[in-house]
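The following pair of complexes shares a single chain, subunit A, combined with subunit B in the former and subunit C in the latter.
Right after this comes the complex of A and B.
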């Protein structure tokens, strides 16, 4: 199905009319030394092919080699100077969203360090300019404009969910709160709307961890969505607005840093692509950005959170490195250090750390929904095999995208594992200090 | 004698008031001024407490009752509907018929309907509300229910049910067992016979939850609940 986005966010279906002028405008804007060099320097050596999960999952079909994908799409568009047919544009759409998760693994293997993911993102921008974008992503874009978040969560719903979770978390930690819009807090905790809509316990667990660690934190009631599906849809202008909204809120509250929940692409957006999209030419966010993995590691390292030795996990555990947290934000060791505190039997996948494979659900694949489901699960075969080889019973991942994809893979490939986030693991194993233990009314009644 | 704090009659032989728990016996070495101060504080507290109780009772009287009936669109919910209708009639309450279209992914806007996976559009909800209206209104026998509202949402069922109950401040959630028994496993009394949704709702709901599994089960709300 083709989805055409017209101003105002109304979507209609119609056949594609190629606007060559618009494509040329985008090509000219990006026709810098970087793209020119990348496109001309690629020697088709094929080293990137073996690095790509789509290539591996599709029986090493050369059509899935990253170099081919980028030459077939962006290379051809440049060669034809934007004069392309609607059928060709459809093929670009198919490759840019259906055959690449922009995980950037291929760049690690390219002898020239060509950033193929960035070029695929450019293809997405071109497709978007022609009204071609997967429906699942397109549906979130008006929500960003109207509600300030991808899932159309109202401010009232956010506040109500926080209140609900405070009530639940109070059963485990005394005095737990979710401070909203507190100026001068140390961290502005930005979340994924999925947590409010589908997984509110995540908010409750975060509140428990921050209370036990004695953290100064706050959730803003605007600019709280750190996700950026506009970035994956190729809607660069909107993506810049989304990232900037969060930066401006952080500046307004005067916080020390923006804290990103356990979400991969939120880190990619807030930490290193958002600044460019929002027009910060030095590429640095105006407020430092910290990922939860880093903060949780610091809590354990500094003893702010202590793990109950009796609750350490005995079952074999493995760690799924989210591309945008490990490979692209360099936090692969911190994730493992956390697990050393919590588990007795940690088994790494192979390959791992920054060389780890994408789960197959990144780059907007999961929100793209049903039409891409089959391909997503097929691409995830590589990850499923990696997990099976470790023999682990628990897979830990600090990314919502990975979490959903791994749950799907668990069913599809019958892996028999439990998927957990770091928060779940910490809440299950941490020691709640005596002064924060809730008064147990039931016990008192029994004693009385 | 009368209690100096609440004015309640203290039974003879008792050293404290049964209503406000004020001890009429003074501590032997307590100065008069301390006793008077203590008495004054107790009187003030009692006045505040009484005011609170009265306000709460007044609110309860004013409050309109709401019954949230959650349906999974299976016939197993029909008994629960019958019980919810009875209760709504008895308490002159508003009956909210609520269904949640389940999302397959916790990330995607796609939902599962009888026709398969689709996007949660207004048309899908309108169609669903119409079929809920047709189905359930036809099932009401005898006296009409004073007020009925039909609502639908998409998401994770137990989360949306609790969200709705909190938002509407409902008095009771009435639902079916939310479980489709696997014929392969047979009937096993040792295993719980309700599904994940019923289990999570009953554990986390802000109000009483009735899971109705048999026909003609009667429900009741305490006065002022």
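Right after this comes the complex of A and C.
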């Protein structure tokens, strides 16, 4: 018997009461015509199968073909007009969260361009409406509601961590600051709460880079979390609120753009799904959204950040394209351009850019935690093999979930690589101009 | 599903991420058991100081403290925490202290 753990305890087929009305309501609301068209024009050609990392990592078992996964779940829900059994809903739960990271690679191979990932997301919404959602995602939802961020960080905690990181970063760059709530700044820098809770060095490094680049930036003390796990949980209403909180804050501060930290799904939320979730009917965010990979590239291109030739990286380096930054936001060249400035031996994975495979950690898989770990590492086999073939010793990625997944894959498949963010590489290699050098600065750079 | 592991006569229920299933099962042997996979050769006073702080905080608040609080109470710099626990405060130190894996994108 399949058992699903949700925050209220354990759910089995006996404890699920299917609310058919609610399912129908969701089906009616979500572009019924478009989805019905997609479901009916799918000719079962199978081109999507070879594109899917779950299919490839599971010995080409046809059960993992994207077309099958969506016909089996949403197709059946439509056919039965929402009248489904608890057992069937549990199967939907299993497929929608455990066998798809909504990476959208299959859409590139579909002759009709069918957006399978969006349909899987709809299955998640339906499951969520019936109380079925992975515990790891569900636990973050009340945090978004009560604290405005996924990890229940208070405003005071955020401010104190920023102040602390300014102190630490001052050892490397003189006059470094983290400006809070500055109206009229060029960029409102939004982050992932993990940076406050467990990786504050990310904030310190960002502050160093922005200070050296002479940037006008600010971190807001509300609306600062650009992650959106409600989006991956299928909790669409809350997901809209989460995205809108950030847009409203940016409008209030009158900034030019929202800048997204090195996080993939934050870009997906802020840049192109959030507007729909928050009810902006033209699908555009009310304030422009820029990802760090874009801004860092511009700094190097325009000479605002210069790389010390003596510190360029000699070890072979490869780049992990986060699906939500490269394929889904079109930013696949910027990361490579940055690495041309920073490394001597860059080696691309194959396939790459918008065709790159998901690492297996996307779509909520990392926060979904333990119960999904085995499948996550198995799906990641495709990525592990890609990395190994490059012979790279350093894997760079501007996404926290890629970062965590690659670290797990590194151990699981014994890859012997170091995983780094763009910030880490930039801070290690950039020239700190004389006027910003702390008086007693040595050459030692921070690590970790 | 949790797995049972035995070490020095103690039995621990461990989740898929290698964290012990419940804080009540924690005992010093757990730290011994996990240290190797966490890349720690020898346990020092520093490790214990961090572990005890995490446990005190967890017992009072029911969640892991953010790193800022950890550094303030123990007096260690961030860099020193990473030297003590190479896989970091959220994953490495919390795991050794018997706390559950933190919620969210970690």
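As a convention for this text, the second predicted complex is superposed on the first by the 425 of 448 C-alpha atoms of A that agree within 3 Å, B and C clash if a C-alpha of one lies under 4 Å from a C-alpha of the other, contacts with A are read in each partner's own complex, and residues count from 1 in each chain.
The rule is short, and it goes like this: contacts are C-beta pairs under 8 Å (C-beta built on N, C-alpha and C of every residue); 3 or more make two chains touch, one makes a residue touch a chain.
Note that the coordinates shown come from a computational prediction; the quantities given were computed from them, not determined experimentally.
In the three-chain model built by superposing on subunit A, subunit B clashes with subunit C. Residue by residue along subunit A, subunit B and subunit C are tallied for touches, and C comes out ahead. Contact with neither subunit B nor subunit C is seen for A:155 once the two complexes are overlaid on the shared chain. In the superposed model, A:304 lies in contact with neither subunit B nor subunit C.
When the two structures are aligned on the shared chain, A:388 is found in touch with neither subunit B nor subunit C. Shared-chain residue A:374: touches subunit C; no touch with subunit B.
Legend: residue contacts after superposition of the two complexes on their common chain; A:174 is shown touching neither subunit B nor subunit C.
In the three-chain superposition model, subunit A touches both subunit B and subunit C at residues 136, 139-140, 151, 157, 160-161, 164, 168, 194, 197-200, 366-367, 369-370, 400-401, 404.
Against subunit A, in their complex, subunit B makes its touches with residues 103-110, 117, 119, 155-156, 159, 162-163, 166-167, 204.
Looking at the complex, you find that subunit A touches subunit B at residues 135-136, 139-140, 151, 157, 160-161, 164, 168, 194, 197-200, 366-370, 400-401, 403-404, 408. Of all residues in subunit C, only 15-17, 19, 63-64, 66-68, 71, 77-79, 82, 88-91, 101-106 touch subunit A in the complex they form.
Remark: subunit A residues 136, 139-140, 143, 150-153, 157, 160-161, 164, 168, 192-194, 196-201, 227, 229, 263, 366-367, 369-371, 373-374, 400-401, 404, 446-448 touch subunit C in the complex.
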